[in-house]
Amino acid sequence: MTAIGRLRYAMVGGGPGAFIGAVHRLAAEMDREFELVAGAFSSNADKSRQAGEELGLDLKRVYGSWEEMLEKEVGRPEDERIHAVSIVTPNHLHHGPAVAALKAGFHVICDKPMTISSELAEDMRATAEASGRVFALTHNYTGYPMVREAREIIQSGEIGEVRKVDAEYLQGWLAEDLESTGHKQADWRTDPAQSGPGGSLGDIGTHAFNLLEHVSGLKVKRLFGKVSTFVEGRRVDDDAMVLVEMNNGANGKVCCSQVCVGRENGLKMRIFGTQGGLEWDQEHPNDLTIWRQDGLRETRRTGNAYLAETSMSLGRIPPGHPEGYLEGFANIYRAFAAEIRGEAAIPNAFPTAKDGCRGVRFIEATLESSQASDWVDF
Amino acid sequence: MTAIGRLRYAMVGGGPGAFIGAVHRLAAEMDREFELVAGAFSSNADKSRQAGEELGLDLKRVYGSWEEMLEKEVGRPEDERIHAVSIVTPNHLHHGPAVAALKAGFHVICDKPMTISSELAEDMRATAEASGRVFALTHNYTGYPMVREAREIIQSGEIGEVRKVDAEYLQGWLAEDLESTGHKQADWRTDPAQSGPGGSLGDIGTHAFNLLEHVSGLKVKRLFGKVSTFVEGRRVDDDAMVLVEMNNGANGKVCCSQVCVGRENGLKMRIFGTQGGLEWDQEHPNDLTIWRQDGLRETRRTGNAYLAETSMSLGRIPPGHPEGYLEGFANIYRAFAAEIRGEAAIPNAFPTAKDGCRGVRFIEATLESSQASDWVDF
Amino acid sequence: MTAIGRLRYAMVGGGPGAFIGAVHRLAAEMDREFELVAGAFSSNADKSRQAGEELGLDLKRVYGSWEEMLEKEVGRPEDERIHAVSIVTPNHLHHGPAVAALKAGFHVICDKPMTISSELAEDMRATAEASGRVFALTHNYTGYPMVREAREIIQSGEIGEVRKVDAEYLQGWLAEDLESTGHKQADWRTDPAQSGPGGSLGDIGTHAFNLLEHVSGLKVKRLFGKVSTFVEGRRVDDDAMVLVEMNNGANGKVCCSQVCVGRENGLKMRIFGTQGGLEWDQEHPNDLTIWRQDGLRETRRTGNAYLAETSMSLGRIPPGHPEGYLEGFANIYRAFAAEIRGEAAIPNAFPTAKDGCRGVRFIEATLESSQASDWVDF
Amino acid sequence: MTAIGRLRYAMVGGGPGAFIGAVHRLAAEMDREFELVAGAFSSNADKSRQAGEELGLDLKRVYGSWEEMLEKEVGRPEDERIHAVSIVTPNHLHHGPAVAALKAGFHVICDKPMTISSELAEDMRATAEASGRVFALTHNYTGYPMVREAREIIQSGEIGEVRKVDAEYLQGWLAEDLESTGHKQADWRTDPAQSGPGGSLGDIGTHAFNLLEHVSGLKVKRLFGKVSTFVEGRRVDDDAMVLVEMNNGANGKVCCSQVCVGRENGLKMRIFGTQGGLEWDQEHPNDLTIWRQDGLRETRRTGNAYLAETSMSLGRIPPGHPEGYLEGFANIYRAFAAEIRGEAAIPNAFPTAKDGCRGVRFIEATLESSQASDWVDF
């Protein structure tokens, strides 16, 4: 850690009942890179204060709105002032605070999908670029050591030219009409006004899409989508199947579903090249299966000295000591911190606004294709 | 076994260098239901004789053509005459001997895909129906006990109404241009004159398609296909991705590929209903994974008393004693024998000419859809 | 197959209700090496005849006792006479027919454990050696291709000098007092008069012991055993834990149990050397896990060209087409046949009377050690 | 979190190059329960200061010895003073600071094994009891949610009366003579003056032993051990096999090894009762396999609502989001904090000095038994 010590950050969202806010806080603090010092945890001032109290914050820095928060924090002396803002609100509330925080001179780390339309996404990207501040998007699955290893393997040419790409993300928790029961997580995710046009597409499909482009180093060139809503009355998709063609001629698919009863958080990726293949499963994240050209199957595991240097650097403990979701998430925060400190060592260590724009475009293109029953260029 | 003892059968194809002929012989004899007594193992009379010798057959019943074989066998006394013909030739040589054998009064068991066009397929079906003889198609994967259990689970309503269906069949052995090297198995499979219009689609895609319809009890209503040939110069597809809609409103996909380096024989199936889900993997065929509505995961295993009666009847040995590909294949022969003997106890115990017609139509519809970039009704 | 064609064999035991007799018949006939022509399937002449009828045998060659069978078969003309006898009776009935058959000039293949005392075992071995006939013992698990591969890996020095050996065989089917319910398989296995002194030790412990010596190429030098009977009233052990020291200084253990509720047929083996390790699990027999010195984990699979030649020769079908228990068992019969024909190509392709003597000694030494609470030399 | 906010703690040990110190810090801070404010990170004052700087501590509270630290911290005002001391030194340096800290009125959390002799262990226990302070021992594996679930299952009677217990802990990192290469972790662990009499026994065997007693709710009554040193010149054991008899008549084994090449951190546990069984593997910690009495296999997974309330409380994120080693470790710290705050809700939520005494006795009894070649009472 450099002389400036822990970076101070504020959170927008993440109040009582939230899931991802708590995850961000655990991830941010795991490596002592960040320290939470302020927050607008809810648009309800009482709830925001309640969260701030539970977190042991100085209540003078707990705010009822992000607008107030930014205004007040900018005015603080430099050695108290926050360095960064973490945005963990529902999707429709990403653009506002992100753009304002960047313009106020703060670094921003934002949950995914970046926002609810390509227009807003491009605005966020332009703002981030103009600001000279760091913008990170928490497609957290790219933070797993073995996901990095997969990327390194492909970049090294070990499996040859990529031919087939495949990412799927299956969950079952929305197999029933949870949103009618007052379930907070289901509620906003199935409300287009808050989630944007995509349901499962935005919530998990963009993770799968991002993972595929990140690991393969390729870009989707066009796609054919088939989007479904299985639960009656639901206002957004809960299932999508997308055939994709990549910019090097590879093809494959990106599928997501939230109606696969019993499936927990089934994000899987497989990529095959002319000389080998690989497979990774988020539910067993410390294993990476490789098929060599001679057919022999290898399992590479987090923390072993035979990994690429970058992959090793994403592990904290010796092999066989499982690292999980929070550790992978924390790697994104660690990379965000390193970039802020000007110490970034690993290229593409965290997703950026550019990735965020592609993610939003993925949602839109898939819906458009499904509607038109035709391929759509990206 | 009934009074008539072992059933006598003849084989068409399966001469030197063949793979599937040997499998059929092992499967046919495993349960002592069938005895090989005659054959036209090759259109080359010398090779046919060589095969007959190696198999220890009476060489008077080893023929240089199936036409000769049928003619001579019909003329034999009833207590010597064959009961059935097993056809294990390349695809373009299924229709001829099958139709002739049925017309000659013999039962027929034929390798898949049934033939190379829907027109010929319908002719085979009509002939089989008119003949009163038994016609079986060796979509052998339906013979596995746990595939049967999956079907029983769905029929019992245990996982509710089916919403999502998914079958994939991935191999890697054709990732390179094997057909130019004189590799016999690759050679005919990549020659449209012998394999018919489908490459991977016919060789393995039809297995996946059949498995999905067999287990789900549903029918594909329409499909959208994307067919590829990755190996330069190859004359047929070596990869296909097919989105499907089922007759009950479920959707899903059927994918196959022979360019996934390192993948051996990766046939997998997943089906999710409103109240549960299941998964089966041919490479670990004695396990069937069930997700219950409460999210709990069960593994059911071949040979256990908790299985459905039909599933139990497809096992030969106690639980934990792995049964494999040959045993599953033999179950198709055993069911074929039972039907011939009039003893059939299990409904849908083997695929029929009707299934064969659907399989050929699947190949044609997928190619048509891929060409048109549009959904095609089935 | 050589000029003499299929070998003719007779079976002793394996009548109605038997398990292992049916397995032997399937295994013997799988590769068309053997043909069943005679049998004394039960000491009850009616039951023997019933079995012979069901098997479609010439009833003149179905006998009420093995003594009669041997006498009559010896008198048959050479081109009808049996070549071999397969003995599948309870353990106390191995020695009699085996010794008599060998003396009568027949080859013998016998189920395990070889017999019920070291004295009888040594007599069988001496008789076999003096007879010049082939004697094989069906420790069938050595017939799996990946078990062979494990042996080849160790012999090649790939994992260095062996330090640790471990075999365990866990079942659950005797967790309750089945023998009081008239369960035929439980009945004789828990009756010392029929099973010999060992219960789980004889039934499954000897398999684990044999597997360990076969694969490691080492011999147990001394052992410390702890034998238990968990089910009240049971007259033999149903659980045993045995620490072993090998003749090269390696150590490890051989454990077996039949009271592990839910475990089906859990035979596992692990061996670690100075430069690597390996693991094999009978319930997933086509996988062999290797740990290389650099820590990387490899999975080798049945049927792949990268295997040792001997391991490849034990597979029948391409990789990914699961081969199971019956195929592994059939490999023992195939090797037995090859030895009879004088064609044996693979060394140590089937267990012999020598192995059988060690197996019986393993039972005795373990019981002796457990009794004395002390190490016992082998 | 209660009014007193984060608990302040100091660390003894955990300076440059240490492994477990960093783990304790991550675990302590994960849930914002603890805040590191002081430390004697090394007996070398410069190294201690270096560690303190890297951790961003107030250097006035970074000490060159634990004696100085305790003296100074006791003198601080109550609202600054530490609440607890975390001891992460090599084994021979646990007793001193632990006893002194307890006597100074601080709560203590100490790495395992508790100390290097039963005499010292009993002294620590007596001191802890007399002090009225909380003493916790980081047998961290008991902190995994599915380990807790296993314990709950057994306590509920779901698998009946326990018959068989089995814990093993296999690593490979000491398969070679690392200690001669200056490897810091290997160095002190193989030096009896620092590690105490046990090598692998103390380092990992005690974890396996503790896990077994914790989950089964049983106590080892007597044991028979066989201890080995495979690496030439090594001064402590690197492998141990221990047969155990439990206080309810169950038996089983506890094995550990650090010479199993390629094995990372293979801690596994299996327990079988009269009506079921269970299995857990630390390298896939979110799965718990259950065998039901009917033979059906269930997999229970972290975070699901079907778990026992206590098991649920040990998870932080939804099912399918893997929780790992650090999260399990943090659960011990969280339980330690709850006890300090007087809020403890889960019984036996962390190992105590009593468990620590048993662990040390396990090492001694195993060595004694191996030496005597005889069973030793516990």
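Note that the chains take the letters A, B, C and D in the order they are written out, and that residue 1 is the start of every chain.
Following the convention adopted for this analysis, a contact is a pair of C-beta atoms (placed from the backbone, for glycine too) under 8 Å apart; a residue touches a chain by one contact, two chains touch by 3 or more.
Just so we're clear, the structure is a prediction, and the values are computed from it rather than from any experiment.
Under the contact definition, subunit C and subunit D share the contacting chains A, B.
Of all chains, the one whose Cα centroid sits at the greatest distance from that of subunit D is B. Although subunit A and subunit C share one sequence, what matters here is the overlap of their interface residues, and that overlap exceeds half of the numbers used. Inter-chain centre distance (subunit A to subunit C, centres taken as mean C-alpha positions): 55 Å. The distance from the centre of subunit B to the centre of subunit C, each centre being the mean of the chain's C-alpha atoms, comes to 34 Å. Taken residue by residue, subunit A touches two or more other chains at 263-264, 295-297, 301, 304, 319, whereas all remaining positions touch fewer. Across the complex, subunit B is touched by residues 294-301, 304-306, 319 of subunit D.
By the touch criterion given at the top, residues 159, 163-164, 172, 175, 224, 226, 228, 230, 239, 241, 243, 251-253, 255, 257, 259-264, 270, 272-277, 291-293, 295-297, 373-375 of subunit A touch subunit B in their complex.
Chain contact summary for the complex, subunit C toward subunit B: residues 1, 5-6, 19, 22-23, 26, 29-30, 32, 54-56, 171, 173, 263-266, 282-286, 301, 303-304, 316-327.
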